[in-house]
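Multiple structures follow.
Common to both upcoming complexes is chain A, partnered first by chain B, then by chain C.
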Partner chain A sequence: MSDPVSALHHATNSEGLVSICEIGPVGMITLRGDLSAKPFQKAAIAAGGVNIPNQGRCLMELDRGIAWMSPDELLILCRYDDVAGKLGDLNGKLAKHHALAVNVSDARAVFELRGARVREVMAKLAPVDLHPEVFTPGMFRRTRLGQVAAAFWMPEEDVVRLICFRSSAQYVFDLLGVASQKGSEVDLF
Partner chain B sequence: MLIVSCPCCGVTAEETEFHAHGEAHITRHTVGSSDDDMETYLFMRKNPKGVHFERWRHQYGCGKWFLMARDTVTLEVFGTYPAQTTEPPADLLELIDAKRPGWREGA
Partner chain C sequence: MSTRLATGGRLLNKSNALSFRFNGTEMRGYEGDTLASALLANDQMLVGRSFKYHRPRGVVAAGPEEPNGLVNLGRGDRFEPNARVTTTELFEDLYAESQNHWPSLEFDVGAINKYLSRFLPAGFYYKMFIHPRPLWKHVYEPFIRHSAGLGKAPKERDGDTYEHVHAFCDVLVIGGGVAGLEAARAAALTGARVIVMEQYAHWGGRTPVDRGEIDGAPAQDWIDATLTELAGMENVTLRTRTMGAGVYDHGYVLGYERLTDHAPDLDGPRHRLWRVRARHIITATGALERPLSFAGNDIPGVMLAAAMRDYVVNWGVSVGDRTVVVTNNDDAYLTAIALKHAGLDVPAILDARVLPQDSELMAQAKALGIRVLMGHAISSVKGVKRVTGVAVCSQAGAGAVLEEIACDAVAMSGGWSPVVHLWSHCGGKLRWDTGNACFSPHPDHPPLGADGAQFVTTAGAASGMFQLDDVLNDAFAAADGVTRTLGLKLPRAVAAPKGERREEAPMAPVWLMPQGASVKLREKAWLDYQNDVKVSDVRLAAQEGFVSVEHAKRYTTLGMATDQGKLSNINGLAVLAGALNEDIPAVGTTTFRPPYHPISMGAIAGEARDAVFQPVRRTPLHDWHDANGAQWEPVGQWRRPYAYKREGESTRDAVMREVTNTRQKLGLLDASTLGKIIVKGPDAGKFLDMLYTNMMSTLKPGKCRYGLMCNDNGFLIDDGVVARIDDDTWLCHTTTGGAERIHAHMEEWLQTEWWDWQVYVANVTEQYAQIAVVGPNARKALERLGGVDVSKEALGFMEWAEGTLGGYAVRIYRISFSGELSYEIAVDASHGQALWDTLLAVGADLGAAPYGTEALHILRAEKGFIMIGDETDGTVIPQDLGLHWALSKKKDDYLGKRAQERSHMADPDRWKLVGLETVDGSTLPDGAYAVGEGKNENGQRNMIGRVTSSYHSPTLDKGIAMGLVLHGPDRMGEVLDFPGTDGKTYQAKIVDPVFYDKEGTKQDV
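And then the complex of A and B:
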C-alpha cells in the first residue's frame, strides 16, 4: 500500500510572528445524522473516544476528538491509520439508521500555529471575534480565512489548529505567512 | 456592513461569512398553475426601500439556510429565523412595527 502524503509535505514557516506548520495527514470522518438520536450518539462517542461536544465546540484529546460542525454534522478526528477501522465500525452500527459517515482525511489539510500572537494572526484573516474572553480553548469555529473556507480551534492558549480543503492548502499557508510577517504586529489583544 | 446571527448554529458574524439569496416567502407556483402565476414566481420580486425579508445561507459556517428581516436603507438587521417557516414570526413583525411604524403600507 502507498504511504499517505500530506498536502504540503509538512511545510513550515517559523520566520514570522507565529510558527506555522502543516501537520497532516490527520484522520477525519464526516458524520451526518440526527445528533439527538441515541444510536447515532453512541456510535459517534465510540468512534471519537470523547463525548458529543455542544453546539460550536469541540472535545479534543491528543490526536483524536469530535468537533461540532452544524446541527446535523460532526467531524471525528483520529490517527490517519485508524480511519478505515472506525469507518467500518460506524457504518455497521448505523446501518439501520439515517446517517452518513465518509472518510474525508485526504480532502483536507491541517495546520498548527504556535506563538503568543496567534489570536492576532487569525483575527487578520477571519471574521471572528478572537478576544481572549470571547474565543476560548474548546470552541470550534467554521468560517472564512481570506477567500476560502476553514475551521479552527485552540487546543490551548497560544496554539491554533486549522483545517482547510486540501486544494486550498498552499493558499492558506501563504496567507498565514503574510499575516504573520514580522513588523505587521497590531497589538490588539 | 450587516452583522448577522445564524439561527441554526448561533454564530454571529459579519456578512462576508454569509450569502444572500434573494427574497423570502415566495410562493412556488409549479405544474398546473397559470402562466401569470408562473411568471410571478419566476420573475416578480419586491424591491422595497425599507423592510425586506430575505433568504440567506451560512456559506462559510454551518451551511444552513435561514431567513432574515432587514432594512435595505439603514442596513439594520431586525432578526433571523429558521427557513422552515412560511411567514415571518409574529414577535419579529411586532418588533418591526415598533421600529418602522407604517412599514406594511409600502410592503
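And then the complex of A and C:
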C-alpha cells in the first residue's frame, strides 16, 4: 500500500492574520447508534479513549478523541493507521446491537489555524458566536464555512482545528487565506 | 458664492490639506471634509443634472438623504457610479465626475426637456411609448436608455476585496448620536454585550451642531466622556463608518462598514458586511429634515436649513453670503443664528407660521438683527444654475409677489421626520404625530420576533423626540426596558443625564408654499429632486385615479430613485392626501425596505470572488487530470474531465479517440464523484425496497443490482448500482449530482416517516477514489496487479469482491456502464492517485488511457443506457423509458408506485423512449423536437417527441440518439422530422435504443 496522501499535501499559509496548515491524514470514524445505550458507550469510549462528550462538545486528547455530531452520531478521531483496528473492534463489540461504524478518514481534510486572531478569522466565515466566553475550548460546532459544510473546535485558546470534506479542501484553504488577508483585522474580540 | 470660512469646521484637520479633481478641475480640501463640503468650499455649487429634465442640481443635504450629489467616483478598477458626495469622505487624489449630463455639466442638451416639461407629465412614458408596439423596442427604449440612467456602469473588474463578519450581541444600537450613546451606555452598564454602529466617522450625531447642554456642560463634553466610558468597557464594541442597513427577522441585522473608502491605499477589504444576530435592536437613527415645496426649490443654492448649519459648523463652509431662511418651525432659526455668528448675512427669515408671540429662538434671531416675516412664504426662487433671489409672498395666498429679496442661498425647513426605516423593515407600524406633522414609530405595534415579543426599540429622535432632555430620557428608558426583557438589570443610582430643554413654538404643517400656489408654481415645486417629480405630478396622479400611495409612487416614480425618497416621501404623500381630501395617516406610507442607504454589491458578495467565488469540488485525481489535458466539465460543484486533449487534437478528436480506445483496448475513468451511501440495520432491506422500484432485500451478499429511485410523485429521481455488503449492510451508488440529495432523501424518510425503522445511513462518497477499468483488456490489467481473482468464475458480472489488489485494499465491483468488460475499483481516497498511477503503468502496453465524461456518455448511449438528467427531467417515469423490468411486481409498495397508477401516468399517449437514427448518418441536434400533423390552439406545430441524448458514435460511425416519442415503441422504422434551430430539418428513423451489442455478450466475458 502506498503512503496515504491528504488532500492538500500539508499545504500551509502563514502570510496573513493567522497561520493555516492542512494537517493530515487524520483517522476518523463515524459512529451511529443509541448514545445512551451502555454497550454503545463502552465501545465508543474504548475506541475514542475518552468519555462520551455532551451535546455540542468534544473531548480531545492530542491525536484522539470523540466529538458529538448529532443525537445519534459521534465522530471518533484517532491516528490514521489505527482506524482499521478500531473499526474491527467497534464492529465486534457492537455486532449484536443496531449501530453503524464507518471509516470517513479519507473523506475529510483537517486544518489547523493558529494565532491570536483565529476567532475573528473564523467569525468572518462561519455563523458562529466566537466570543471567548461563548465559544470555549471543548466545544465542537458543525456549521458552514463560506459556502461549504465544516466542523471545528478549539483545542486551546488561539488554536482552531477544522474539518471539511476532502473535495472542498482547496476551497477552504483559499477561503481561510482570503479571510486572514493583511489589513482585514476586525478587532471584534 | 459658496466658500471656505476662515474659522470653524470642527471635523476638519486643517493641517492636512488634500487635493482632488472634479470634472477635471483640481480642487483643494482638508482631511475631515466630505466630497460635498469640499466641493462647496471650492464654489462648486452645481454637482449634477436631474434624471428627466436634466435640471441643474446642487447639494441639498449633508447626509445619506442627499438626492442630487451623485458622482462617478474613481477610475479604472476603482470606478464606482452613484457615489453620494455627502457620504464620501475626501482623500488625497480623489477623482470624481458628475453624472447624467451631456455633453457637459455646465451645458447640457437634455435640459431642453425642461421646456417640454408640460408634455412630460407623470405617466408620460406609460402613455406615450406603448403604441405603436414595434417603436418601443427600436426607437423609444434605446432613446430612453441613452438619456436616462445616472452613473455609468463600471467597465473593469472591481479591484478591491470585501468580506463578511458574523457578530452576536445582546443589544445592537444603531446610531451613535447622543441617543445611541446613552442607550449603549445604559445597556452596557447592565453587563449586556453591546455593539454600537455609527454611519459617520464621528460620534455624537447632530447635537454638537445644534448645541445644547447635557448635565450643565456643553454636549460635546458629555459625548467625549461617554465615548471614553464605552471604549473602556469589555462588553462594548464601537464601530464608526458602519451603517445599520437592514433589520430582518429573528434579530438579524446587516451592518455596512466602509473600511478604506476614506483611505483607498490601506491594505485589507474595502467594505465589510456585518451579519449580526442581536437579541434586541435599539434604533437611534435620528431624524431627517424635510424640504418645503415651493417653486424653484430645486435651484442650486436651496438647501435644507440643518444641512447649511452642518456645513458652517462641521466643515467651515458657507453656502452663500446672503441666505434667506424659509421655515414652518423654530429649528431653522438655529441656522439663521449660526450663519450670523459665522459673520454671514441673513436678509430675512420667512416663517409660514403666524405666532401669537415670539418664540425663544425667534427672539434670539431678532436680537441679532435678522428680519423675521411671519406668515410669509417663497413664491418662487430666482436664478437658473444658482439662486439669485427669492420672490416673497403670503403663505395664505396664491403667490402674488410682495417683494423680491436678493440672496445667493436659501435655507429651508419643513419640519423633521424620524428615521423609521429600520423600525419598519420587520413590520413596526407608524402613527401620525400631529404636533410634529410626522410619522413616528407606534409603540404599541413594534416589530415582533418569533416568540411574539418586541425585538426593535427606537430611541431619541427616531422615536419622535426632538428636545435634548426628551431624547436622553427616551434613550435611557429604551435601554432600561430592553435590558429588563433580556433579564438584565441596571445598577442602582444609574440615571439618564439631564439634557437642556429649549422652549419652542409649535411647527405648522406646510405641504405647499404658498398654500394656494397656482398650477404654474406647482409645476416648479419639486418633491423628488432625483426623479423630477413635482407637486403637479402627484396631483395629476391622484386626478387620474391613482389613489393608493403605492400606485401613485410607481406612476410618478416618486421616491424610486437611489435616495429612495428620504426627502420626498412624506411631502409627496401629504400632497397626495391633500389632492384626495384624505387625512395623511389614511393615505399611509409606502413600504420601507432594506437597505437604508445603498450598499455595495461587493459587500454583499463578500469574500466570494475569484478562486473562492464558488466551491469547486475536486476528486483525489483532480491535479492529475489538470496536468494531463483535462477539458473540465462542471457537474454539480464538481469538475470532471470532459475529455483529455492531446497535442494537436480537438476536443472532439479526443472524445472519439477515448471511445474507440475504451471499446478496443482499455479505458480508465475517474468515477470518484458517484455517490456512495452506506445503509445498515435490521430494517435496511425493507427500507431499500421502499426506496427503489425494484427488490433490494433479496440481493445476496457479494452481488450487485441496478436500481431506480422515484419520488412519491412517481418521477424518476436517481439510479445506480446497489451492492449488498453483508447481511444488514448495503452500499448504494447514486449519480454524481444525487449523492447529497439522495442522502438527504433517505434521512428525511427515516426521520419523519419511518422513524421507528432500525436503519442508519452514512454518506461515504468522498471516502473512496473510484476508478473504472473498462475495455477488453481490463481483466489483463488487473491480473497483472494480482492479489484478487478477477476471473469470470471468481468475479462474475454484477458481483463484487474485496481484497488487496496490487497492494491496495480495494473493493472491486464488476459492473458496466459502457457495455464492455468493466471493473470499478474503490480505494481509500488517500491512495487514489497511487492506484491510478499503478493502473496506467501496468496497462501501458494494453492501451490504458483515461477517458472523460463525454466518452462515458457516448459509450452508454451506444448501449441504450439512460442517464438521469438527460432522459429524465423530473417529469419522466420509469415506464416512459421502457424500464418495466426494474419495477417490482412482487412488492406491495415502493415510493412512487401509487403515483404511477394514476390515470395520466398510465396514459398510453405518454411519450416513450426509443432510439433515433438520422437518415443520412448526421447527428441530431440535442433537445430538438419532432413535429407532427396540424397545429395546437396557440397556432404552433404539434410536437410528437423530443431528443433526449444525441451523439456521434465513432464505434458505429454515425449519429445516434435517444428520444421520447409519442407511441414511439409502436412506430419502429418510421421517419420523423426534427426542425433544428439552424433552419434545417433533420430526419430520423425510430429504432431500438440499444445500438451496440444488444445481447450484452461483451460485458459478460
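As a convention for this text, the second predicted complex is superposed on the first by the 189 of 189 C-alpha atoms of A that agree within 3 Å, B and C clash if a C-alpha of one lies under 4 Å from a C-alpha of the other, contacts with A are read in each partner's own complex, and residues count from 1 in each chain.
The rule is simple: a contact is a pair of C-beta atoms (placed from the backbone, for glycine too) under 8 Å apart; a residue touches a chain by one contact, two chains touch by 3 or more.
Not measured: the values here are computed from a predicted model.
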Item to complete: Check whether A:128 is in contact with chain B, with chain C, with both or with neither, and answer first, second, both or neither.
Response: both
Practice prompt. Based on the superposed arrangement, let me know which partner A:59 touches: chain B (first), chain C (second), both, or neither?
Written response: neither
Item to complete: Kindly classify A:94 by the partners it touches after superposition: chain B alone (first), chain C alone (second), both, or neither?
Response: neither
Worksheet item: What is the contact status of A:106 with respect to chain B (first) and chain C (second): first, second, both, or neither?
Response: second
Fill in: chain B versus chain C as contact partner of A:182, first or second or both or neither
second
Item to complete: Check whether A:71 is in contact with chain B, with chain C, with both or with neither, and answer first, second, both or neither.
Response: first
Worksheet item: Which holds for A:25: it touches chain B only (first), chain C only (second), both, or neither?
Response: second
Worksheet item: Between chain B (first) and chain C (second), which, if any, makes contact with A:5: first, second, both or neither?
Response: second
Worksheet item: If you count the residues of chain A that each partner touches, which comes out higher, chain B or chain C?
Response: C
Worksheet entry | Shared chain A contacts, counted only where both chain B and chain C touch the same residue | 127-128
Worksheet, complete the sentence: Interface with chain C, chain A side, in the complex: residues 1-2, 4-7, 25, 30, 32-33, 72, 80, 98-100, 102-108, 120, 123-129, 131, 134, 146-148, 165-171, 174-175, 178-179, 181-186, 188
Fill in: Footprint of chain A on chain B - complex, ascending
8-11, 13-14, 16-17, 59-64
Worksheet item: Touching chain B in the complex: which residues of chain A?
Response: 55-56, 69-71, 73, 127-128, 141-144, 149
Discussion item. Considering only the defined contacts, which chain C positions touch chain A in the complex?
Written reply: 161, 163-168, 193, 237, 266-269, 272, 275, 277, 607-608, 611-612, 614-620, 638, 678, 680-682, 758, 760, 762, 764-768, 804, 807-809, 828-831, 833-835
